[in-house]
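Common to both upcoming complexes is chain A, partnered first by chain B, then by chain C.
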Partner chain A sequence: MKRVPTVITGTVGMDAHVIGTKVLSRALRDAGFKVVELGMQVTPEEFISVAQETKADAILMSSLYGMAELDLKDFNHKRMEAGLGDVLLYIGGNLVIGRYDPREIEPKFKALGFDRVYPPGAEPEIGIEDLKKDLKAKGKM
Partner chain B sequence: MKKPRVVNKRIDDDLLMKKRREELDKWPTGKEVDFEEAAAYQKSLPDSKVWSKVMVKLREEGRMSVFPRAGTPVLEKMIELCQGLRESGVVLIPVTTDSYTRLGQYEKVQGILDECNRTGKALLNGYPIINQGVKQTRKLVESVDAAFSPRGISSEITIASGLTTYESGLEFITWGAYSKKMTIRELVERWQNATRVAGWYADRDVILCTDLHGWLPTAPFPLSVNIVTLILQALTAAEQGQKSLYPLVHCMGNMAQDMAWIRLAPRLIREYLDKFDYKDCLIPGCCPAQTPLFPNPMDMGGAFAYLNYIAIVGALTKCNAVDLRSIDEAAGVPTKDTNTVSYGSARWIFDVIREQDIEIYVKGVDEEEKVTETEVRAIMDRILDLGDGDVIDGTIKAVEAGVLDSPWSPNITVKDKVLGVRDAHGACRYLEFGNLPFPSEIKEFHRRKIAEREKLEGKKADYHTAVRDLWSFSKGKIVGLPPYDK
Partner chain C sequence: MTDDIRLLVDFGSTFTKVAAIDLDKVEVIATARVPSTVETDITLGLEAALKEISAKTGIKSPEKLKSMACSSAAGGLRMVCIGFVPELTSKAANHAALGAGAKVVGLYSFKLTGQEIDEIEKTAPDIILLSGGTDGGDEATIIHNAGILAKTGRKIDNIIVAGNKVTYDAIKAAFKDSGKRVIYTRNVMPEIGVLDTAPCNKEIREIFIKNIIKAKGVARAKEIVGDVIMPTPSAVLEAAKLLAEGSGGEAGYGELMVIDPGGATTDVHSVAEGIPTSGGVTMVNTLPEPYVKRTVEGNLGLKYNIDSLSEFTRGKKIPPHFREICQGFHEGKLPESQEEIDCHLLLSRLAVDVAVTQHAGRLEKIYSPTGEMLLQHGKDLTGVKTVVGTGGPIIFSANPKEIMEGALYRKDNPLVLKPKEPGFYLDEQYLLYAVGLLSQEEPQKALLLAKKYLKQI
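Then we have the complex of A and B:
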């Protein structure tokens, strides 16, 4: 039987901009993933505990209010401590305050432990293709 | 056990006084508030600082003002920022609070505010009005000749400080667009408590104004549900003694619809207030608002065009205020300079277009007004039916039954069985009606309009069409013909 990967979605921190994560969740479901949809304002700790509970393969976070870097300061350390080093981490949205060059953002979030970083308005399909590729590379799909 | 029924009935004075003190005891500056002294201070303010009176005067003189967003933590800098706004013609000035204040984290705010005061740096994304307190904030009010309105906070500290609108902080917008788990029952109870405070001041001839947001259309979605919630909030507030309120009308980008809704919302609110015998509740104006998704932070041209579209709609419909964001809205906290250029450009529109007093006929406005009016009345009738004549009881049951519904809500108690898409002219239509109680001819109208777009695009409208439409306005392309966003 083919393995169905489990992914967690939600907006991180105090961000209420929920539409992106709703659209993404449905697209993931349509693409055959098992989606644990946490909705808006999910704390980093909740992402970790739900990932442990559901044995998730990936966490896909959204953030539109510019404070993601602040919200995720200790996240990588905590998820490593929780034994979740093998879980794929993606994030997308308006990730810092102010006008910026998206190319400057990616290294920042890669340093925070994220495998892939997407600009605002990125199509769900692009993220889903990347996810399939990354999961296959890990032998999880 | 059966839950007690929430009814649209005024909260008694003993309960009110207890709740007021409890609220103020949350931070030491609450002690600066003496209720009777606050009322006396409000009464001593000149007309130019009284929001309701400023709006009426603008309307009578055929003028308009931007209602912007602005807040910075250090008092002296805040005064400077507001004086800057006043110099660019703004007479309705916001006191936008920082995010931590909105969440009630006053202790955390104090530490950061002390550092701001020490270094002169703006480390908070707004003015922390609770920590600043009454004495300090009165200095702000007395330094600028304009009316002030708190943003993002509901506290009597704002009233005692001389701000002349009162934000309940708990409208449909709070519940339907910002809350994850709050039930509609919790919302209406809190909304009643908050508006009762404005009623207490009204009893002492202090008229505090409130702007009504209603349940935000978070995506391209017709405004009928929103207008119903504006009416519901108005009726509830009026029962608690509120004497002045006005609607924000969320413009979605199709000019015929936007103009129709600007005409319709205040007219229907007035009609229902009168019908329920709240005839002394004033509606001092109508304020088109820039609500949908903003262009991305790098698209400054789009940001300018977008704010000026709303300014033009406001000018052509002869509104007295327009709720606008600066071109920095998507990028974060606006600076004094971006405020100046943003609101300066809106002012230019006002001066050139509003002053001409143009009588414009936009094809389709009458039809859109009639369609939305029919929808609003159908929902209101069902709500009053469900509540056996009681607005509050009916509202709760209507939300639980999906008679009031919205797509894309973050609140898990919302039905979310409805969906909107744009038609061949960019107007918002219902693709899925859920349990909205519309007559069949209305449903047919929406289907026909959507069919026109389907014919142009050569494919059926579905969920994926709605998803693509989410970005339509912010990308400056509201008619969804391919190539869509190239």
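Then we have the complex of A and C:
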């Protein structure tokens, strides 16, 4: 039997730009994933407890309001303590304020524990392909 | 009928102190201070102190009075804390141990290495506090750590487990036949962002009373003064709590701090919520700050750690002969000449300044789409209205206020949230420990006693 991976989506912190995460959730569902869609303004702690509860394989966060770095400062520590060290972490959007070079941002978020970091306007398909690849590499798909 | 007189005893590392309190009149009728004799026979010092009390009060057999005692003798309560992530369960365990009056002699995170285990065995703490993982969270780390702790030698015999409850069956299996005393209690961090140290505190105190006192030779005093019920720092913390909150109909002082510099360390206690006092400030504590918080600066002492303390004078103007005078203090000399008194004052104030700066929260400025933002790490103590000073360097100083002013907010360091306009109180007769002990049975009278004898300066 083929395993259906569970993924969680939502915008993190006080960010209310919900369109991106909705589009992404739909694309993930179409691609055969089980999607737990948390919508907008999801606290880091909520991502963690939902991931524990649903035994999620990946968390895909969006943030467009430029405060993601602050919102996620200790996220990696918290998810380790919560036993979620093996869960894939993706993030995409306007991750810091103002114009920036996405290549400069990536290492910052990787250091915060994220496996993949996407610039604003990234196509859902790219993320989904990456997700399949990463899950296969972990033997979860 | 005779008055209800209680004896309160503190077995310190240097001195054994006894206070005789008349509870009906809420009065100190006598105090005594004699050198501690824990290395030979703790009862010798105690008997000498009781003789002194007897001479001062005319009470023929003070040992027959009702009494309570605390102890920091023989190194105090030495604990090693182990958690998973440093900022989370390790920190939560550290808060729990400090709040129970322990001296944290080692703090570890993640899976313990062979070298770390050797280190812990060499440290030989009185108690190990093992945590890790939220309930239902990480299991691997705490189970791994329990597994190697179970294989340690006889020097490690008291372990409190306060981590992910899901792992307890596996941990019990690991410790089976290890011959160690293992106590299981509630997780110090049951979920992300929640600190739950009270059940752990209770277990620490219980082991302290039942086992550790005995191992340190303090238990011999039991025949004379009954149980030694808590470590001395814990008694001071109890007093701080009582003083802040009040009891029965008697109001307390409200949110406060107690500062306690000593020969080896400087302790700071705060009983305060620590929420932001100015608008536009966001709190960003990964782990909530304890309402009753104790920190210990292990490198700030006026005798044993004077070297590391005097390092903080670097770049500042120092009085003449500073180094030689410090060396004298280190060897146990008490300040006598004006030069020595000045140096001691400077160092004591510095110890208070650095320790309170470490204890208090701080602000961090960041820039957001809506402009400048202030983030608060730790507790905002700017609004604290009462600062109580205790400990030898303050009590015996010619100018205690000047030392305590080291606790004040500084305009040249505006992001550190120290008290801005507190009133200062001096524990002139060294009674805080007695107030803390007494608060366990007679909280209202203990509070009245404190209010009567703490001197506003």
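Assume the second predicted complex is superposed on the first by the 141 of 141 C-alpha atoms of A that agree within 3 Å, B and C clash if a C-alpha of one lies under 4 Å from a C-alpha of the other, contacts with A are read in each partner's own complex, and residues count from 1 in each chain.
Going forward, a residue touches a chain if its C-beta (ideal position, glycine included) is under 8 Å from a C-beta of that chain, and two chains touch if they have at least 3 such contacts.
Remember, it's a predicted structure, so these values are computed and weren't measured experimentally.
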Checklist entry - Touching A:66, do we find chain B (first), chain C (second), both, or neither? => result both
Next on the checklist: For A:23 in the superposed arrangement: first (chain B), second (chain C), both or neither?
Outcome noted: first
Checklist entry - Taking the superposition as given, does A:14 touch the first partner, chain B, the second, chain C, both, or neither? => result first
Checklist entry - So, A:41: does it touch chain B (first), chain C (second), both, or neither? => result first
Checklist entry - So, A:125: does it touch chain B (first), chain C (second), both, or neither? => result neither
Next on the checklist: Output check: A:78 vs chain B and chain C. Expected answer is one of first, second, both, neither. What do you get?
Outcome noted: second
Checklist entry - Where does A:97 make contact in the superposed view: on chain B (first), on chain C (second), on both, or on neither? => result both
Next on the checklist: Based on the A-chain superposition described above, do chain B and chain C contact any of the same residues on chain A, and if so which?
Outcome noted: 66, 97
Item to check | Interfacial residue positions of chain C with respect to chain A in the complex | outcome: 84-89, 132-134, 136-139, 164, 189, 191-193, 284, 286, 366-369, 375
Item to check | Contacting residues of chain A [partner chain C, same complex] | outcome: 45, 48-49, 52, 65-67, 70, 73-74, 77-78, 80-85, 97
Checklist outcome for this item: Interface with chain A, chain B side, in the complex: residues 99, 103, 177-178, 180, 218-219, 296-298, 330-333, 408-410, 412, 463, 467, 470-471
Next on the checklist: With touch defined as at the start, can you tell me which chain A residues reach chain B in the complex?
Outcome noted: 14, 16, 18-19, 22-23, 26, 39-41, 66, 94, 97-100, 119-121
